[in-house]
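Structures given as structure tokens follow.
Heads up, the next two complexes both have subunit A, just with different partners, subunit B and then subunit C.
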Partner chain A sequence: MSKKSVKGEYIETDTGNKVSRRSQIIGTTNIILGGKTVIQAEVIIRGDLLRTYPTSTAGEKQGNPVAVAIGRYCFFSRGCELRPPGKLYKGQFSHYPLKITDHVFIGPGSIVEAALIGSHVNIGANCVVGKFAIIKDYVRILDGTVVPPNMVIPSFSIVAGRPGRVVGEIAEGEVDGMDLREVYRAVGNH
Partner chain B sequence: MSSKRASMMPPAPKPPTSLSSSLVIAEHASLTGTKLITLGSNTVIHPRSKLSSAYAPITIGNSCIISERSQIGIQNEPDEEEADPVVIEDGVIIEVGAVVEGKRIGEGSVIEVNAKVGRGAVLGKHCKIGPLCEVAEGEVLPDYTVLFGNGMRRIDNSGVEDLKMKMVARQVEVLRKLIPSKIAKFQ
Partner chain C sequence: MSSFTPYTYFQCPCTEASLPNHRNPSQEEPSSSDDDRTFDPRAPRANYSLYPLEHLFYCEDCHQIRCPRCVLDEIVTWYCPNCLFEVPSSSVKAEGNRCTRSCFQCPVCIAPLSVSSLEAPPTGLGYEYAPQNGPFVLNCGYCSWSSKETGIEFEKPNGIFAQLARVKNGGEPILTAKERKKDRERKRDFSGTSAEKEREETPEVEIPREPLDPNEKLDPESQFSNLKAFYQGQLAEASPASALGFTGDYGYGSPGALSRIMGLYTGSTAFDKKVKAKAGTMREAQDALEGLQLTTISEEEEALTKLRTEGWHCTSSASQRAEFLNTNAQFITELRPVAYLLRTKRSKRCRTCRHILSKPESKVSTIRFRIRLVALNYIPSISIKPLQPTSSASSLLQPMRPVQFLLTFKNPLFDSVKVTLATPTKTPGRFASKVTVLCPQFEVGANTDAWDEALREGTGEKRRTKAEASEGQHQAEAGKVWERGRNWVSVVVEVVPASLHIGGPEFLKNEEMKDDEGPLKEDEDVCEIPVFVRVEWEADAAHDESGLGGGGSKEKDVREKRELAYWCVLGVGRIAKV
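Here is the complex of A and B:
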């Protein structure tokens, strides 16, 4: 970080995202970043795995297809990967969008193929979040957990193990520590 | 930006390859080593997957899916003179970050996220190695074995392997549309 180069490690976008130059983002046009999100080195985001199954409702807005949607103040640690999940539905295989809301922390080396991650979710290091998992708000997933595919994790749970199980609850007082504004400020080209 | 990325690639000589014309191989996949790499038809190689034939040849069958960050091939110098070649049969899915050094991966097997298949291991047909599970060096797994959790195992006799093979084929069709193929770069 203290390397005195002309270019810093992070590219800062207009909306305050800090994206490492060494991240491996594929399909950038299909990724939405809400702003103030940090993407560290060697993070892979698979924006190219788009939904190929036609949307049923005509009312759905046209425009750029979205493979990965990310909210504000998210933090993706070194070497983690975000990958839209895929499944066979009505005889057709398709990937479906991966939605991540605000203040989501993903630890180093974790691989996430969830369908939805709620706000203030903390995923530890080297976790595997299975396809189409749904993680609600204020969830902590401890290091090395394997969240099985299609699991729905209720709010305020602590999840650990292989396969992941709910092992505890988050007390009301602990919730404050899951805000990622401070972490965001600490990262950058100092 | 793409020109800058390319310069970061090591200028290693290309390994000899035998690539099917219907192969889908992403530009950022890496094929390294000195021995022959054979890739069958309708196989999909995701970006950032690593195939290394430095110590033994690699053969991958038809309709396989090799995901990003997976490492195929013998990873470090073998103790004996010759390491067994890595053979992956038809319809095998290798998911993100898996390390495959096995001698034979049977038809329709699935190696899930960050799993490891040790050197010389033989997997039967339609095996499934769960996330973070490991197959020891030289281990032989019978057909339909499922490894899951902390090294637990069972035999899957649900009999849905035909359906699973169909699903792999569908998945390959979709990925063919999504991943631009750069076969010329590896020939």
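Here is the complex of A and C:
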């Protein structure tokens, strides 16, 4: 299937990302995509919400500042939104980067303002992940959960409720099923 | 109605013994083979034995499936789920099972609390390096509760647990356990009941404290420690020296307590008699210093006024009190931040042979397992999908209209397996759907390791078979597999869903219906098919036994017959109500 043929739903990048033509990615220069990530229609990624508070280590990094860093094999479902979290600190409001590791699935309509999402995390539909939440590896967040701001969710947790609380543990056998490579491969471009 | 996702649950054999076939006990013979037994997934007990494959283990020594009910948990590591610090088991024993750093949950909504300063933020040049000064409070980012509302503020932003332990709601200091003890001793000296005690090492620069108030209002911790001290004193007086010569310690674990408890059973030790003789001298707590708290009328009136003026909303809910250690807290203002309960990493052992089935890496930050014997890697998984793509209008099964499902068996073993399926012709329960497995016996090829798979990827192995399936008039035929891949096989099962009609002519009713003609129960419209699965294969005998030092290692080709049989339940869909 040559890329020049009829326009598909997705724009495929060199690193294998499939980005819907109907997604809204703002501030692309501040967004890192690790590759093989699927971004569906109506997904919003706010790369424009950059950190304005000075970093403690001066001259830390050259090049583009990063607002949203995304790893490999992530899947962002229709209508979800990724926003770098912001807070007032010492009298100054600033956003801070949102980091998403590998094999992270975010369900349709969910809003994510976490500081860090580890690998193999599955966030259901219509969830809200509050500001500066830290979600470690192998976590499942059930549909409709509101993860409160600043919550730390340890590995192998199942979280549900408003506010979200740990309601169960990921079973040893569920670990393998949280790999998203198959999901990525199943995404066709038509 | 929400959409229905087909599911497969596996029955752990550990419940077999306790799951009698209550439906037709006359047919059950003690010596009957597995095949004669049926399994009713709707039986109330079945709930406790059915698991998704992902939740099951496989014991390599017992060659058997293990479920959460037949494994033993063993704690590897304790840690705080909020700060993720590991807590040594010695401090868990000494300080309890909560985080003693600064990790707290909101007493109102259980969201995490964060520390923030009440002081105006620093300004001017270099403000970002300026340290933030106190006082500090705990704030909830979810419901906006603040510890300030209950009058609690902190001097430092860290070590909140220790700071909180010293302040009451409202800001008054709490006497520490040591100070309490001193108080009690002072009182005892005062009343002269206890003789000259050895003075504490501290040279007692007796700060003249206000006289001890016997009606003092105590916080729950102090009340408990006073009460405990009082009873310990009572016990010590009642039996000055136990049989083993221990005096001070009357905890449950102490040898004195143990011999007393043993005395309850044996009933005739000299020690026992002594206790009986002295039993009359025991008394109950009399004042606050001994842990007695009297409710006064003014307090009750205060509570009533508060209820009248502030209403229901100022009272704490049952769940809030359950979360909070002091279950007497009637009002929200009495609630205190809740320290996070510690969480554990656990290994699992087979209950029968005690071999380890799962063992996580002990460090909190690592997610790897040292051992992980999950059933997923030993028994074929079963996935269900409708053969004919359903019309988008309704995913419900139409009564009396035959529908075909594809069952795909995927073999995780590196040996090919022979699978035999058996189903009852009719599903159990009041609404009996007819079930036919078109190909009840087949072989599934061996799994290959991940590298092979990666190399083969894209060679279109799957696609080829799919194309085959879609082109031509591929009809489901009895005795033939529908589709076959390297380590998977799909077979067709045909279901004639029952009608959910209740009542009707007597001759159409089955036994269950005659017994119970009540209205449709919850989930009774779900079509669940019990399937008995038997898996047979040949494995390397040397491979599974502990190969080290095995005398027969030269006979490498010795193959061992293996067999595993278990019940599964396939939830294929909901039947439409007509």
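The working rule: the second predicted complex is superposed on the first by the 183 of 190 C-alpha atoms of A that agree within 3 Å, B and C clash if a C-alpha of one lies under 4 Å from a C-alpha of the other, contacts with A are read in each partner's own complex, and residues count from 1 in each chain.
Please note the rule applied: contacts are C-beta pairs under 8 Å (C-beta built on N, C-alpha and C of every residue); 3 or more make two chains touch, one makes a residue touch a chain.
Keep in mind that this is a model prediction, so the values were computed, not measured.
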{"item": "Superposition on subunit A - do subunit B and subunit C clash or fit", "value": "fit"}
{"item": "Touch count on subunit A, higher of subunit B and subunit C", "value": "C"}
{"item": "Subunit B versus subunit C as contact partner of A:163, first or second or both or neither", "value": "both"}
{"item": "First (subunit B), second (subunit C), both or neither touched by A:90", "value": "second"}
{"item": "Partner chain in contact with A:150 - subunit B first, subunit C second, else both or neither", "value": "second"}
{"item": "Partner chain in contact with A:137 - subunit B first, subunit C second, else both or neither", "value": "second"}
{"item": "Which of subunit B and subunit C A:176 touches, first, second, both or neither", "value": "second"}
{"item": "Subunit B versus subunit C as contact partner of A:52, first or second or both or neither", "value": "first"}
{"item": "First, second, both or neither for A:128, with subunit B first and subunit C second", "value": "first"}
{"item": "Overlay on chain A, subunit C to subunit B nearest C-alpha distance, Å", "value": "6"}
{"item": "Those residues of subunit A which subunit B touches in one complex and subunit C touches in the other", "value": "91-92, 130, 146, 163"}
{"item": "Interface residues, subunit A side, partner subunit C - complex", "value": "53-54, 56, 90-92, 130-131, 136-138, 146, 148-157, 163, 165-166, 171-177"}
{"item": "Residue ranges of subunit A in contact with subunit B within the complex", "value": "24, 26, 44, 46, 48-50, 52, 81, 83, 86, 88, 91-95, 111, 126, 128, 130, 144, 146, 162-163"}
{"item": "Sites on subunit C touched by subunit A in the complex", "value": "53-57, 79, 81-84, 109-112, 114, 120-123, 127-128, 130, 132, 140-143, 343, 348, 358, 364, 367, 369, 372, 374-376"}
{"item": "Sites on subunit B touched by subunit A in the complex", "value": "28, 47-48, 68-69, 96-97, 112-114, 130-132, 148-150, 167, 170-171, 173-174, 177-179"}
